[in-house]
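Both complexes shown next keep chain A, but they swap its partner, so chain B is in the first and chain C is in the second.
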Partner chain A sequence: MKKPRIDIAKSLLLLPSLLLVTVLLGLPLVVIFVASFQPNALFPADRVGLFNYGYLVGSQYYLGILVRTLRLAIVGALITVPLGYVTAMLLQRVSGRAANLAIMGLTFPILAGPLVVILGWMALLPNRGPIFGPLVDAGWIAPPDLLGTEVAVLASLVQFMLPFAILTLFTSLRQIPNDLYEASRNLGASALQKFLHITLPLSLPGVLSSTIIVFSLGASSYISPHYLGGAADQTLTTLIAQFVLVTYNSPMAAASAMLLIAIMVAVIFGVGTAFGRLIRP
Partner chain B sequence: MREILAAGRWLYLIAIYAFVVGPMLFVCAASLNSAANFPANFDGITFKWYEAILKYPEFTRAAWVSALVALVSSIIAVAAAFLAGYGMFRSDRKESVVLSTVLASPILVPQIVLSLATLQFLALFGVSSGLAGLVAVHTVHSLPFALRLVLSGFSRYNFSLEEASANLGAGRLTTWWQVTMPLLKANLIAGFTFCFILSFVNLPISLFLTDARTATLPLVMFAHLEARIDPMLPAVASIIVIAAAVTTILLERYLRIRLVD
Partner chain C sequence: MSKFSRRSVIKGFAATTALAVTGVGAARPTLAAPSVAKGTVFTVSTWGGTSQAAVKKWIGEEFERATGATLAYDIGILGTRYSKLIAQRANPSADVFFCSDEALASGLAAGVLEPVRKKALTNLPEVADWAMSVKSSSADTVAGVPYAMIALLMAYNPETVMTAPTSWNDLWNPEFAGKFSMISPAHSVMPPFLQVISEMNGGSATNIAPGLAKLAQLRPGKLHVVYPDWAGLLKSGEVVMATELTSYLDVMRSQGYPIEYAVPKEKGIGLMNFVGVIKGTKNPDLAEYFLDLTISQQSQLGLASDLFISPINAKLDVPSDLQKKCFCGDRSASLRFFDPAESAKVRPMWTERLMTEVVPNWKTR
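Showing the complex of A and B:
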């Protein structure tokens, strides 16, 4: 008699959040999934089909956008995760007040958000700006013209993603029991041996989750490529915005969105499988 | 040799922090520059750009829209997360893993896709977004963050206290109000604050859902950026940076809560 009653209470408690996710996320995703097969101004057919996807992966131009999106996200992750790993390792040695400050110094950029990040790079990167201005004036370098290039996009992405990577890896590294290091010291292990046999293998789950987080942030970033990238250098996110705001083509926007989700799922799945082998050989 | 290594470590950390925080601090400094352009060479210290924001109705109105959307969506997200957290701790392990994955799923959907999906979903019913649509999309976006902070509160929560309270003759409501809420208060406040700020500064999830009347602050700021870069933007950005820093410090000091645990 008692069990069903408790289940009702539990269901009622879970109902609001599950409703929120199903109605406000699940159903809308189904809607754009269906919309991605619909005819549109580019394909005025009277049937549904895969033509929108065919168009996006078939032409050189759109394929270039797909490749650029992947390249930014992958290169961004390859720069961010190692930089973050070393930072998180060094932060393990900081203690007390300084450690608190160090963590807080990484939390507030996440809260301040990408708007401030973009403004910062817009001010710092111009040829006459505070970084390159003096160097150009002194004749040491040619004007680098970084604004509107993938380098500018990457710089801002790495800056924005680093706190996420460092905080994830910091937590993961801190969970490694200290006994292991003491035992290895007693057995006369060198610093390199400690790293290769304790730190690295035990932190792999953290490396995996930070890689996934950083890759997802990079692949789905809109502000960096839109405001710091070149007008011709679109990514899937800016393409979606163009289909909605400029050419008013909802089915193409939906197809680009599904394509973005598909390549993210594919890469995350691939990275997850590869790491799964490493973690549990 | 030792000293060189130690110095190298500090140099590395300083470089990383300079890279992460430096551009933001530069924006804050630039907001005090009296030059009429941004970016520009240093010309003199002034607070006139902060005054200018207050007299600029486009910014102030957008700030109110953002604050309202952030307020309502964060309250709904934290309330739903609180109930869900309560329900999850009555579930067995397998169930709660599935539940937390489902409820955290909004974080995996690119924000711009969330905006697009909401736009087309609403269009199906022939309604335009308005404030309600904005609140809806911001609530979904906030839910995973709220859930994360609420769950970290529940993980330290002792349910036998509720039984003790019931044994002492307290009703359900009294127990909730006098036992459950005070114990989880810190996490609920922290969850609300994080959700509020993340919603307030977010641009992509609102991108397709606003009109002239409901434009949020980030959208108005960036519309400005595309028209002309004026020094009011660093002033708005500095206010956001200061708010983020103050929040982080207050939460750490008084509630002992961080994003990492």
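Showing the complex of A and C:
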């Protein structure tokens, strides 16, 4: 079998982006990795070591934070991706100006940014806010106390992540050749059969991409848990901010950041492997 | 221009200006902008909003006029700005740093802030002794200059809380469970607060376990860093009481919020705010002049009026309306002050214990 020839000229084109990634992402990561082994106010040792990691994974409190971060990201992805899938399928059937308007509307939360989205939720969710206030005042419901709960964080995460999922899945669904649907119709396939044998398998790469994007956004989200979450319900991102901005403990912040990255890489690798088996070559 | 001659010129202007502004409310001196610092951009790291506006109005304008330098502002919350200071220690982007007394002590210990020569501060003799809470390591320098005194007190809504609180113990009153906003355990005022609660429950500055156990039984409905975090809930009636800083409470009152404050019988917690010089500043002479202006009577009166803070210039004749708001003179006896250097030392471990042993028991927003 003939070995594929490496085009050196084309490979050189990769060099700028590779350098950029190495310098701007790789080097800071190395610095953070090294810092994560340093002694600090909580561990005033005279040597480097694994004590920061040991403290984080050995404490019930910090393990709770780790589990909460994972739970929010996974549940967020489990809600967002199917919701995004259905919306992307519906969007495919809309054509012309309506489709453009729908896409513009969907991307608005991205354009506005997460802070604006969260401020909106902060205005909507209080017991006396515009949603629950009239219902509580009328005595129809008890004050729901949603602000400061994981439900509030999850709701805002889903809203913010949904456009990312929809746009990724919409692009993926549009790439499925129409000929396949025509052929299946000629062969008498039902709508369910068309979905199970054409749409779903061929859109799996899009599902994989959107799952990875949505999970990463959920796990690394800071503004939602900071503003809408409870004080006792920290996530790894709010914990990192606390170490950096409050107790000025950069080694502990670095160790927390490395844990967050490790979790994200492990989950993304797991999801990629699982989907990889399902995706047809 | 050599460093020496520039310093001399600035000293000259500082002295002239100090003489000119001796009388509070007197017309500002009409000196032409000197060229000594013309073209120099002098950066002030401070809080944003009303703080920046007041600094600009009461120190910045006079500073620019007297030196010819242009002021730039690096705005943000203290934690962010302090982290920046640490990260940029080799090449700092700002010249002076507005901060809490505890952050000043931390910054000096970390080597990112530097002491200031006493002889460069012509207004220093007018500063009240009690305001110099952060000590310098040498007799001929000061750690920085204080510019405001604020206090942590108990705030309440007089429309819904008929009997004003009288003790920190009232926070544990079941009537207020879930209905009061607590200053964040991560706030710099928490080490003194934890010490007070520990002492009230048989502990001490070296034995905080009783304080932690007592605080774990607290039932705040909300945690906050700044007043807008809970102001909306005060209006909606979901929060009726709070532990809050006086400067914020007066701002809330001026904005029409239904709020009063009470000094607990165990005393309120007094805090000093400082301006420090950033180590490695490219404009050390201008930095000293800026600090000197900050503690002048004119700047102190302006800052106190706009920021609702207690002035630290002992020679300042505080107007009666301001006296009602501030904790100047005899009223400062109702406050208890703590050693900021000690607070800075214990804060990382105490915050860690508060976050891991106390906060998980709170179901707060």
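Here is the rule we go by: the second predicted complex is superposed on the first by the 255 of 281 C-alpha atoms of A that agree within 3 Å, B and C clash if a C-alpha of one lies under 4 Å from a C-alpha of the other, contacts with A are read in each partner's own complex, and residues count from 1 in each chain.
Please note the rule applied: contacts are C-beta pairs under 8 Å (C-beta built on N, C-alpha and C of every residue); 3 or more make two chains touch, one makes a residue touch a chain.
These numbers were taken from a predicted model, which means no experiment stands behind them.
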Superposed partners chain B and chain C on chain A - clash or fit: clash
Which superposed partner A:Leu245 touches (first chain B, second chain C, both, neither): both
Touching partner for A:Leu29 - first (chain B), second (chain C), both, neither: first
Touched partner set for A:Thr237, first chain B, second chain C, both or neither: first
Partner chain(s) touched by A:Ser220 [first = chain B, second = chain C, both, neither]: first
Chain B versus chain C as contact partner of A:Thr199, first or second or both or neither: neither
First (chain B), second (chain C), both or neither touched by A:Ala254: first
Touched partner set for A:Ser184, first chain B, second chain C, both or neither: neither
First (chain B), second (chain C), both or neither touched by A:Pro126: both
First, second, both or neither for A:Leu91, with chain B first and chain C second: first
Dominant contact partner of chain A by residue count, chain C or chain B: B
Footprint overlap on chain A, comparing chain B with chain C: 126, 244-245, 250
Chain A residues within the chain C interface of the complex: 40-42, 59, 61-62, 64, 126-128, 145, 147-148, 230-232, 234, 242, 244-250
Contacting residues of chain C [partner chain A, same complex]: 77, 79-80, 82-83, 86, 106, 184-186, 222-223, 232-233, 236-238, 347-349, 351-352, 355-356, 359-365
Residues of chain B defined as touching chain A within the complex: 9, 12-13, 16-17, 19-24, 26-27, 30, 38-39, 76, 79-81, 83-84, 86-88, 90-91, 99, 102-103, 105-106, 108-114, 116-121, 123-124, 136-137, 139-140, 143, 147, 194, 197-198, 201-204, 207-208, 218, 221-222, 225, 229, 233-234, 237, 240-241, 244-245, 247-249, 252, 258-261
Touch list for chain A against partner chain B, complex: 6, 9-18, 20-21, 24-25, 27-29, 31-32, 35, 83, 86-87, 90-91, 93-94, 100, 102-117, 119-124, 126, 129-130, 158-159, 162-163, 166-168, 170-171, 216, 219-220, 222-223, 227, 237, 240-241, 244-245, 250, 253-254, 257, 260-261, 264
